[in-house]
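Scrolling down, you'll hit the structures one after another.
Note that subunit A is present in both complexes that follow, paired respectively with subunit B and with subunit C.
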Partner chain A sequence: MNDGRPDQHESIGALERSAASRLRAFLSSPSATALLALGLVLAIGVAFSGDGAFHKWATHRDALRQASVYGILACGMTFVIITAGIDLSVGSVLALVAVMFSTLSIHEAWPPWLAVPACLALGGACGAASGLVVAKWRIQPFIVTLAMMVFARGLAKTLSGGMKVSTAVQLPDGSWTAAPVPGIFRLIDSRLLGDNISVVSLVFLACIALSWVILSRLRWGRYLYAIGGNEEAARLSGVPVAAMKVMAYALAGVFAAVAGLCQAAQEQQGDPEAGLGYELTAIAIVVIGGTSLMGGRGGIGLTLLGTLIIGYLDKILSVNAVPEASRLMLTGVIIIAAVLVQRRKD
Partner chain B sequence: MTFMGGSPPSASSPSLLRMSRIAKSFGPNRVLREVDFELKAGEVHVLAGENGAGKSTLIRILGGALAADNGMIAIEGGPVRFRRPRDAADRGIAVIHQELSLVGSMSIADNLLLGREPGRLGWVDRAARAARARGVLERVGLRLDPDEPVSALPISSQQLVEIAKALSLGARIIVMDEPTSALSEPEVRRLFARIADLKAQGCGIIYITHRLEEIYALADRITVLRDGRVVASRPAGELPVGELVRLMVGRSIGDQAPRRAAAAGTVRLDLRRCRVRGEGAGRRPIVEDAALQVRSGEILGLVGLEGSGVSELLWAMFGALGKRAEVEMEIDGQTRRMSSPRAAIAAGIALVTNDRRRSGLVLSMDVVENATLAALPRFSPLGRLRRREEIEHTARTAGQLNLRCASLRQRVATLSGGNQQKVVLAKWMATHPRVLLLDDPTRGVDVGAKHEIYLLMNEWSRQGCGIILSSSEWPELLQVSDRIMVMHRGRVAASFRGGQATAADLLRAAMGHAIHE
Partner chain C sequence: MQHNTARYMLSLAATAIVCLAGCKKTPSDATDGSSSGQADGFAAAKATYTIGMSQCNLGEPWRVQMNDDVRRAAEAHPELKMIFKDAQNDTLKQRAHVEEFIGAGVDLIIISPKEAQPLTEPVAKAMEAGIPVIVLDRRVIGDNYTCFIGADNRLIGREAGEWIVSALGGKGNVVELKGLMTSTPGQDRHSGFREAIKDSQINIIFEADMKWLEPDARKEMESALSRFDQIDLVYAHNDPGAHGAWLAANAAGREGQIRFVGIDALPHEGVLYVKEGILDATFQYPTGGAEAIDAALKILRGESVPKEITLGSRVFTKENVEAGGEPIG
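Let's look at the complex of A and B:
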């Protein structure tokens, strides 16, 4: 590596940057902006603590639990958005899986080690189907996943007969009785570590960790960034563009399925109407975090921050008893503000 | 030389357009320097020059798409100032581009009368509309049903519809930029007849083409641009072919391209046949039955003007045109199907495209990520990225290429053109190619980077790569190539041994002038 050419030292020496320039680079990065936004939200929480509710750990535990299902959806959405795509179907896939999981666990008495993989496969299949249409026929992701959103919702209603799939069971004589809540439901809905953290939150954090490995440590992740950054250059560099797109949408489907499992367990039922509009929250989380809808830029760390921002915002408004109407309006304003701040960085 | 009807305008014909002392720079790159250009009523004025001479920049300034740094534009004696394309259109300037601006899915009448439909209170009078559209079409000799969608027309008719639209908007200055590139011979003749009509109606026409026969069939006057300057502006009759070609290429040959000893070995790549269909129905093929061979260690120069099919040929050999291309090819004696760039890379081919920002680099990624992208499986056995190895490879290659960057983690968007091109080359060095296809690799890079790119090519050929080099910088190409093939309208029109041809020979062949030897 060293044949004494001065230029070489220059380029290799450039690898090691001074601490000051690293700090400067960090401060201008999307992560810094997202952290700043989260800090701001937390500061608001301290200022308007809802008679001290914000200072209790239980409030934070619940904020994290309530944000977890959205966060899990956002993990999958991050893959798709990094390829410059979008997936509108995740809310419907969540409902489909919730219905399927409840049916299998409560009524068909499938053991969890069979029911869970089956549900993940169903979600993955929905996503892969969208991805295949996007990649092979080059139809806009918005349209394809809009179609999948409608289709999966219809399938959920068909499987459930339009009713919530609950533990209520009608006996042959017409009377109703309650089937036992499956153990897997209770497990997902429980809290660990002395009641201090919800299992759902741990599932969310595991999803974040898994996504991070795929995006930052595996070849696949690099390919996804390349496709989103410049699809033509990626194709001409031998990136298997179609296969990678199918994978991104399939992952979004699998994560939607995980969210569906959590949703079913928390509600102890499979509601075919569940997850309405969740896809939009998931997109908002990804965008507020700072991942670019244009593709190629962003990451799962940003999605974690985005989930916390949205989750805490919602919690702070609710402990202060702000009516839902105002909360929605405020969320809209914050999405625009976040995007404006992110754009400044480009 | 003008055999098309109408008498050539005399010196006393009124001046329709006068552009004086137009200057334009892009960064440090001076594209136009003090350009004067005059167009008279009833005149066809051909703007000639090599790729990159500044023709399209001048036209974009005239069309209001680009603001000049300096200079004046006057129409019929009155100075004008264009802030956007609309301003130019309002003053009677119409630019007919190679890519037409009609809305394909709308009817001819809708396209012609967009925003000016006859009728009252938003109620469209269909009969009046059709009649008006027919009248407009007749000015260019088209008899068509105005209700037909534009996309159903052949390109040549679409072009005429666009001209008709320009005329109906009162255009008197019509710019045609390579209008025949997608046309068949009969269509070309039809277009020329219409141009003669336009002259008779008192329009002035600025015509850009790379084909000698068209220049002499149409031109009343020829202005030659070279490196952003007007080097001649004369009546066509006073500018014979040889003189025109000499004026176009008369550029000093720098020493950016170092000489090397040629040592050609066995046949690396044998392209038996290549055909590339045009995009859209009814277009002529872009490449027709091209064939070539490259030996190990050989540099084959491939030359052609815009629209000649050189880039498409290279893309087809790289599997990048998909089903549009039919390619029969052998590499090291083995038949290979180039179904995708992925397959081509696996077969040992690399392609440096002529537009690194659009198709060479992922600008949002850093130097390391770009440099390893094409060989990523090698840096990620079992899928797990080995960052350390990636950085080591990139640092080593960056040293060899003299890549200058503040950090290897720097986004390539922030690098200079020459350094960006070195990142592209680093990407292909990682794949250890056997055949290199280089499409204008020195476009827009500084002299130092250029020199290093040529040194690297020499190194590659010494290691036994077969190299196909296309370049818009012909003097350099003449210096480094062992053989040179010239393409014209999708076919290989001539081939020369290195050192035996001049830039003028190449240009003559590239413009479709038959070679008499």
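Let's look at the complex of A and C:
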């Protein structure tokens, strides 16, 4: 968020030059390039508006709704990537939480004020477990979170018996009936402000705000950047590296749990197969925003922009009913283009 | 450092033991069956028969249902003993299943293969070993098997198309949400449907690939809704797709003006959606589980079975759902 600021010092008497260099510095900052990439994508949307659908607010509202689950995952991913780590398990944790939330809310009749914290705790525990192994035994985050990805998927399948946890309930005579959709599901999947914004989108924006506070306003945030910049230097200057890493992965887990709640509510079921490949989208969002995979550089504002870029790209292709094969190729090309635009800053 | 390594090895060993203890169940089951089975091949009138069932992927609800159907049908016959294996969408794993079944000397194999080419030879090997093989749902190449049981997706697509033509009175705006178009079921459900509507005045105003996934179907339907003010019907290649489309229409307050048709008709999914008034119709894609056990019993008793059994489908609508649907085709 604060990486848009130029770090050049101004000198009196060179105000004009300073203003110009300020502008240049801003234009080559990650925020500006991410904004440019977003502008590019929006321009494509205006050019190919799908019979004008792109000019309706409903389309934008829906684009934001669709992108929200990915965006929430990307918030958590941002913390981990800033510490120069990676978390491949978020898609599986999403599925695990979706299964648990559906089981608790639909079949166990847990009230939301119990079910929601329990689910967040489950996600946080998964993340903290990964973080602990990464920090304490210094094993590559890639392999640790790969293990968690497989494990959480297996646990989701075990808890659900391999079936989607839906409102379907089997009666003693073998026939099926539907239990009511829980109120909390309907609440999360509703819209506010005169039908103009989805609750999941507000949840996403709240996650962005919370992440911004942690990264930019708390000491923890500075520690995370320090660890990603130079772990050894951070350790020597007294940063509690292990604890901070555990926190970063735990946060990724909690955000994955939030995404899982949103996913379950929107599908009205807990699908143990949900979230397959979502971790890659989340990583793409963070990187397209301009946060460095090498750690130490980036911010949550960039992740917001990255979410919008990916979300709009997806929506524009969908509104124009572009066939799947072309969609994959176009997505690949546009991601590369966006990253190349970003590269100007170096 | 060495201390740590020792600890790793220990925990690794512990994990391995736990895993092995867990895995051991299936092989021992298998040997139990074979000790009685191998002695006299598949001569008639044995006390018990062991049937090995290899499922290509239990990640799909429809395949879970297939296993359930097989299990339930087999439970009615105490002389049958089932061994289930799940290949987890891995062709080579499924190949190993067949080899394991041959090694264990089961009396009959039921296989729902992931792919034709790589599983043709293992199936032939089982036949050579004198073990009859029932192939379920997806085919193998050639005819070196005992019996193939499957439904016809193209026919189901055509039936759905005809139902839609008559439901809409021959004209209207339809959204088609396709499964994976790189998969045969997706292609057949598409081409059968298009065949049935080609002489009507039905317009496909929007079509998209939702990859059999509910969230993707919802996303595509939202795009269709924001583009078109008049949508009369959604035809989705599976019930979760139709449900996802309904969720999108429901959120837009337009579900009342649109009809929704899906395929698969699992009792706890599509059929239930029809009962709830979410879907207007769903077309059953039968698993053939019960039919496979029927055929297995006949084969084991030495009776003849047709080389190919094509399963009939049923349509479930508001009117007939309580009565259990109506047969079609």
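Definition applied: the second predicted complex is superposed on the first by the 323 of 346 C-alpha atoms of A that agree within 3 Å, B and C clash if a C-alpha of one lies under 4 Å from a C-alpha of the other, contacts with A are read in each partner's own complex, and residues count from 1 in each chain.
Basically, contacts are C-beta pairs under 8 Å (C-beta built on N, C-alpha and C of every residue); 3 or more make two chains touch, one makes a residue touch a chain.
All values reported here derive from a predicted model rather than from experimental measurement.
Asks: With both complexes superposed on chain A, which partner does A:297 reach: first (subunit B), second (subunit C), both or neither?
Replies: Touch status of A:297: first partner only.
Asks: Quick one: is A:234 in contact with subunit B, with subunit C, with both, or with neither? Answer first, second, both or neither.
Replies: Touch status of A:234: first partner only.
Asks: Pick one for A:171: touches subunit B only (first), subunit C only (second), both, or neither.
Replies: A:171 contacts neither subunit B nor subunit C.
Asks: Tell me which partner A:220 touches in the superposition: subunit B (first), subunit C (second), both or neither.
Replies: In the superposition, A:220 contacts subunit B only.
Asks: Regarding the shared-chain residue A:324, is it in contact with subunit B (first), subunit C (second), both, or neither?
Replies: In the superposition, A:324 touches subunit C alone.
Asks: Looking at A:336, would you say it contacts subunit B, subunit C, both, or neither? Reply first, second, both or neither.
Replies: neither
Asks: Do subunit B and subunit C touch any of the same residues on subunit A, and if so, which?
Replies: Shared contact residues on subunit A: none.
Asks: Hey, which residues of subunit A end up touching subunit B in the complex?
Replies: 1, 5, 7-8, 10-12, 14-15, 17, 217-220, 222-223, 225-226, 228-230, 232-240, 296-297
Asks: What residues of subunit C sit close enough to touch subunit A in their complex?
Replies: 4, 58-59, 61, 64, 181, 206-209, 211, 214-215, 218-220, 222-223, 225-227, 244, 247, 251-252, 267-269, 271-272, 275-276
Asks: Going by the contact rule at the top, pick out the subunit B residues touching subunit A in the complex.
Replies: The contact residues of subunit B facing subunit A are 318, 320, 340-342, 344-346, 351, 353, 358-365, 369, 373-374, 376-377, 380, 383-385, 391-392, 395-396, 398-399, 402-409, 427.
Asks: Any idea which subunit A residues touch subunit C in the complex?
Replies: On the subunit A side, the touching residues are 50-51, 53, 56, 58-59, 62, 65-66, 137, 157, 162-164, 166, 168, 170, 175-178, 189, 191, 263, 266-269, 271, 273-274, 314-315, 318-319, 321, 323-324.
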